[in-house]
Amino acid sequence: MDRRRFLKVTAITGTSAALASCGHPENQIIRFVPEEELTPGIAVWKPSVCPLCSAGCGVIARVMDGDAEVFRNGQPGVTRMGLARKLEGDPAHAVSQGRLCARGQAALQVTYHPDRITTPLRRTGERGNGAFQEVSWDEALGELVSRIDELVGKGQASAIAFLGRPRRGQRQALVGEFLRALGAPAPVSFALFDDGVARHANELSFGRYQLPTLDLARTRYLINFGADFLGTWNSPVAQGVAYGRMRQGQPGVRAKFVQVEPRVSQTGASADEWVVVRPGTEGVVALGLAHVIMREGLRPATAAGRAGTLVDGWAGGLPQFTPQEVERRAGVTAERLERLAKEFVTYGPSLAVIGGAALAHANGVVQALAVNALNALVGSVDAPGGISFMPTEAPPARPARSLRDLVSASPQLLLVDEANPVFATPSAARVGEALRNIPFIASFGSFIDDTSVLADLILPDHSFLESWTESSPESGAMEAVSMTAPPAMRPLYATRAMPDVLLEVSRRLSRPLDPPLPWQTFEEVLQAPPAAAPAAPARAASASPVTWADAQFDGDAATYPFHLLPYASQALHDGSLAHLPWLQELPDPMTTAMWCSWVEINAHTARQLGIALGDMVEVSSAHGSVRAPAVISPGIGPEAVAMPVGQGHETFTRYASGRGANPIRVLAPVEEPATGTLAWSATRVRLARVGGPDGSLVLFAGATRERPDHHGRG
Amino acid sequence: MNRTRNNPLADDLVRPLFHTSVWFYGAVLVLATVVLAGAAAWGYQLWYGIGVAGINWPVFWGFYLTNFVFWIGISHAGTLISAILRLVNARWRRPVTRCAEVITVFALMIGAMFPIIHLGRPWLAFWLAPYPSAREIWPNFRSPLVWDFFAINTYLTGSLMFLLLPMIPDFALVRDRSTGWRRRIYGALALGWQGTTKQWHRLESGMQIMAIAIIPVAVSVHTIVSFDFSMATVPMWHSTIFGPYFVAGAIFSGIAALIVAMAALRKLLHLEAYLHPVHFENLGKLLLLMSLLWAYFVFAERLTVWYGNEHSEMAVFWATQRGEYAPLYWAMVVCNFVIPFPILALRQLRTIAGTVVASFAVLIGMWLERFLIIVPSLAHKPLPYTWGDYAPQPVEIIIMVATFAAMILLYMLFSKFVPIISIWEMKVGNQPHPPVVTEAEDELAGLWRARP
Amino acid sequence: MAHRWGMVVDLDRCTGCEACVTACHAENNIPTVGAAEAARGRAMHWIRVERYWEGEFPEARLTFRPVLCQQCDNAPCEAVCPTYASHQTDEGLNAQVYNRCIGTRYCANACMYNVRFFNFFHPQWEKPLQLQLNPDVSLREAGVMEKCTFCVQRIKAAKSEARAEERELVDGALQPACAQACPAGALVFGDLNDPESRVARLSESPRGSKLLEEYGAEPKITYLQRQGWHEPDAQ
Amino acid sequence: MAQPSRWGTPSVFTTAHRSAGEAFRAFFDMRPDEVDQPVAFSHQLHLEKELVCTDCHEGVERGPVAGLPSVNTCLICHSQIATDRPIIQEITAMQEKGVDLAWRRVYGYTREAHVRFEHAPHIRAGVDCSTCHGDMKQQTVARRVVEMDMAFCVNCHKAKQASNDCLTCHF
Amino acid sequence: MKAVYALYTDPDAAQLAVDALRAEGVAERDIVVMSSEPFEEYEFSHRDKATWLHWIAGGGGLLGMFAGYLLTSTTQQLWPLVTSGMPIVSTWPNTIIVFEMTMLGAILATVIALFVTASLPSRLSQLYDNAVTQGYILVGVDGPSDELAARLDRALASVEGGQVKSIA
């Protein structure tokens, strides 16, 4: 007898069950007629583009039917609709090649995030206190249009500003068109890790304002100066695929990988050799290598071509960068440098890469130029196993304006599209204060973050799965890649694609744009794209050599003995992904930490300061301080401390608000002079233990649980 | 011999059944409250999930299984001791046997509850039992947990019978002395016992067989409990010594529990006339023996691990020896050896008070031992990346305290409804015919020598 | 011949990027438990990337090692389960039958790899995060043990599709989510009974070894050790 | 538990039962054999008119789920047929308002059973619908007539020599 | 006459009374002796010594062993699930179940046999006296004929220290 029959015998009928289940709200809710043809339980794969970083990986979304709670005509109910269930790399896409990184996988949660903005919002309380009220699209658009009308009417169209994340493609072009037609200045792109320095240097060296594609698969000797190319830098998926081939792609062939950086990054962990350098001296090592190569006559100075002539003293064999001198400046022994130089030139094709923290110094450009010249010297430019530049229809252009330009122009009306400068700029730069003084801010983002909380109006965008997407990556593949994809699923909420909103605004303006924008919808834009925005005039390829400049640091070494090395979190990247629970709970590969911030400290330093694992420490610069638990790591030198970027949002959904600490806020507002990008590795700090463990350090495993005498078992 | 020979004894021993003090009610009330708190804690855990306990990844077993092993260990007080003493016919066993057997039955019941409390889905615990169902799936007889189920069931059945059978004549005695509802209840419990020579003889030979049968079962139960650990390739679990080590430990803690219970009964039920210092002294000697045996096993276990120097085992070894579990470990050594050994070895200290102090120490020490077997090993499995730790949560502590309260409560109630000392066996003990040996002479000989 | 699913993990390729971890979460409806529970050691990752430091600064060296259920032939978790919730299928999968699990957590103790995870509470998804759930995979409730299944739902779907189309499975076409996501191609999945399959050939590699081989559990996952760099002989 | 969502439903999706009673009923698999449907659809009537199951349960041959028809499906025929009946007019009105029929399931397994049943392979293997759903020609509003306990599935699998490994259905 | 009995405090007297009854020609199985404790030193308590209890216990054990073997091996074959690479019918672990079932069989058989042979549970027979549990030893005969009763009465009374009673 089974349980069910047993109960029948005991005469408990199902009536009570039926009555009880009627009480569930799910059963009383209205069901709307599905708007699409779906075969239940059958998955369909739809292409899309991952929007989370600039790599532009093509993805495919697994769409299956499901019951979603929606509003139709203002009425709550449930409907069966196609829902994206999983994201995978698009096998047909030359960048992602069927693979996808952890962040890309988690992009799914952007659409289904419980704190996504579902309808337009208007600020009701004090600016920044987060009180908003729901308004209709009509009302919201009306308000935005009237604000623009007012400014245009007063002849102040130039006081309209647009701040977005660095994007390429038609969406960005449309924004440019819109602003130009309005008479407003060009849009401003802002991201913390925006690689402007690398692009600038590449333009100087090779005439391309672009990040390079690394042909790792065919490289036999790789020297990497701080670029986290397997984690967060440039096109990590494509680089990861190529890296796999570099390691075990051909039987019996395995490249050597040397990592030159002051702290072992996740990428550095895979290196065969870790060369510890002082922060900001990566270029010295590169030039030292070039010196040895030229001194030994392994390559002539002329082999480097223009990239070489840009470096002061190149033609003379860089006499000031003898191994002894490099040892003194960078801390790499002369013998090691000699050996590396010979290996580098002997076991080609060889490749040198620089990125990330190495360029986040005031001398970033000259560091990059040094590595470019080294690459050129060994013939690794546009050669198999070297760097190359992806041929694209619309090559990346130097931005016309920077955030600094935008702020200093004191705009009257600001449109923000997912950029979060309030989070990602040092507090000393006072960007937040400047934004607060802008009379009207409208935000298009899907979430209320540290910046959009200041907005007067929020016009929520579709998630990428709900809107047309495009991919025009600047690197990652050898050939040009360009794709557009229709929405993978219908919108869950009353959101509208930002390009459609701009087009709608342009139609509603009391003084029509001249010429009017020729499209009705974003879809039309993608089919008949605007002409590429004219690139800023290419910088005159000045042949005047650039002289080496030592990296300068904010804060004197006596008061602030440690270099603060912020780094992009493997999970949360620059913090724009801190709202995704999958990524919050992703153990950091180096420390296994989840849901928190931490400070990485060398064991020797920790002993000196009496800091144990999990103890709260305070990291103070001349511009402020943050507190976070300590993690003691053998992968960082005694003169540096490192902190991941990503946490420390004041406002950013239930998962990220008030969690952890943001090292960017305490940085000195030092910029790389040529590009105006933040030199985020150029701050010195002091360190103090301020208390015992407060429980905020959440480790999946590892650090707390490992004893030094048990490493590497297996 | 006269007819009054036996009656004062029966009067004494039956008295608690008929006279109850206010203190008793008060104590029952307090204990019942604690037990109810434990039940409420379990209800809370049932509703919210086992996660309210402190267990985690990778320490999946914690307080509940510690208590399980502890209580199963305590259960060896009774049946095993009383069966051995019955078989060897040790004279001094007579006042002790029932006290001991009751401990067994209640400790087993409480112990057997813990694996169920500890389940993630306790409402499915019946799947451990072999029964035909529509699913056609039976328990996995390779699982030590199923062995536990069978062993505990057999042991509980046996112990219950071992306890109940000799109670029948005493129920008859109470029946004949009572009236009204008591007479009806005890009449039913006495099953119509008359005391014919045939009944006596069957009872005696039945008990003889049961005593023979219960000893291997008791040994098997704690061996199988040890198998729960030693079958898994967890560092310092996967050891062949675990069977005898656990059995010895069980008897060790069982005797300690018995001494404590007897001392309490002696004091509270005024049984000074029946529970003599010699009983405590004899049990104390047994306890001494087990303490030495325990020390021997621990030394053997630790030495082989240390000598073997196997990587993952050494992690556990050092964690207990000088790592985060060292305070508990050394507390265990103190409680199980350093305190009881001198007390029990020195005749002057082997008094009632002395043995009780030693027994309390042993109970604490043995509880710690179970904890230290389970938790440090799970916290240090072979991959160092997965090392973890464990901290008990309020629910676990409340339930644990409640089971101790339940044990005391059940014991109190039992002693209120059943003569805690077997009256007829006491009478037999008082029969004049066997050559009378003085208690002093009997000390060691009486332990192992059969009556002629 | 029946399939025998296995995997090869090339430690020389693994970069520790954890794409596999999120892919597994997305594919298998693994709940996130939140900071408070994660701090209590209840985070669930069917696949994890273990990292081991060797040496001290500046010679410190790090190795990543993805660890998932090793799908042992002589799986220690199986015998100890009183209800057969854990057993071996004829395709060599170490099955975990959720409905049969009563939550003794014995299997998790017996597993020396600690790759079994337990639902201490009912999993929760703050709406509408539940729309991300894969309808092909069970939602495990409180009190149930779970672990890597080699994406059995994908295996079953691929077999069912092949049967419907009356063809054989193609090596490499069927992949668990982790292997599919891995950019560096460190995870290779396939049929060990097919001598031509990539996984079968790679598992014969001289670099190959099994994790905690000495326990004799006979895992079906082969780890290819990380290699050092040696100066090539000839130029 | 947090505030209810804007739909009046719980804001958190969880596998937990909401009440002890619900847990109790799930444990004993107590479900009504008959449920109140939004309209009294007669299977008998439609099958007599020589409709077949797959006309309305479209997914059954292709996927795991047979699917419950929406009003759109009804109105494929009923935009022409029997339009004068009140029930059809009601359905037509529903479609105009964009409101669908909230069918309630008759068969199915409790979540704790973790049964991942797929219709398509069974249809391909030639299992007749009535094997599991009874003879629908005899039923008006569908009711549960077949007791789908594990023995029911297992016996059929045994008879047809289909796999009886646990992972066949439970994963 | 329903019964005739005498109550003694001294087991020696009880032994004499039993002997006296025998002398009166009362059959061994008709002599009833009740006491509140067993008197193993006395002959009268040995009259029922012969018993099959040990053999029944052994038989129960065998039965349990067989049941244990059947339970383990047949259920393992019924749905052959492989675990840990062990054989479908795993002898070593099954031995434990077989052992426990053996002991359970022996214990249950003992208890059942004990209850049956000692006629428990039963109603109190007519021949019973509460004095038994107060320490008296009852020696008597249940349901003698009136003529026999008178003789037994005398025989019992002849033993010193007894109180002869009868139930009509």
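Letters A, B, C, D and E mark the chains in the order given here, with residues in each chain numbered from 1 onward.
One rule holds for everything that comes next: contacts are C-beta pairs under 8 Å (C-beta built on N, C-alpha and C of every residue); 3 or more make two chains touch, one makes a residue touch a chain.
Source: prediction; values computed, not measured.
Minimum number of contact steps separating chain A from chain B: 1.
When the partners of chain A are compared with those of chain C, the chains appearing in both lists are B, D.
Among the other chains, the CA centroid farthest from that of chain A is the one of E.
Nearest to the common centre of all protein CA atoms is the CA centroid of chain C.
Each of A-D and C-D has its own count of C-beta contacts, and the greater count is at A-D.
Set against the Cα centre of chain D, the chain with the most distant centre is E.
Chain B and chain D have Cα centroids separated by 55 Å. Averaged Cα coordinates give chain B a centre that lies 29 Å from the centre of chain E.
One simple way to say how far apart two chains are is to compare their mean CA positions; for chain B and chain C this gives 44 Å. Chain centres here are Cα means. That of chain A falls 88 Å from that of chain E. Within chain B, the positions touching two or more other chains are listed as 134, 136-137, 139-140, 142, 146, 382-386, 388-389.
Touching two or more other chains at once are residues 43, 48, 50-52, 76, 79, 81, 84, 87, 90, 100, 122, 126-127, 129-130, 142, 211-212 of chain C. Touching of two or more other chains is recorded for residues 79, 81, 83-84, 86, 93 of chain E.
Within the complex, the chain E residues that touch chain B are 9-11, 32-41, 44-49, 51, 53-54, 57, 71-72, 75-76, 78-79, 81, 83-84, 86, 90, 93-94, 96-97, 99-101, 103-104, 106-108, 110-111, 113-114, 117-125, 128, 130, 132-136, 138. Partner chain C is touched in their complex by these residues of chain A: 41, 64, 66, 68-69, 83-89, 98-106, 108-109, 111-114, 230-231, 236-241, 243-245, 247-248, 254-257, 264, 266-267, 269-270, 272-274, 276, 343, 346-347, 492, 570-571, 581-587, 589-590, 592, 594-596, 602-604, 634-638, 654, 659, 695, 698, 700-702, 706, 711-714. Contact residues on chain C toward chain B in their complex (touch as defined above): 37, 40-44, 48, 50-52, 67, 76, 79-84, 100-106, 108-110, 112-114, 117-122, 142-145, 211-212, 215, 217.
Within the complex formed with chain E, the chain C residues making contact are 73-76, 78-79, 81, 84, 86-88, 90, 218. Only residues 2, 5, 9-16, 64, 111-116, 118, 120-121, 124, 165-167, 170-171 of chain D touch chain C when the two sit together in their complex.
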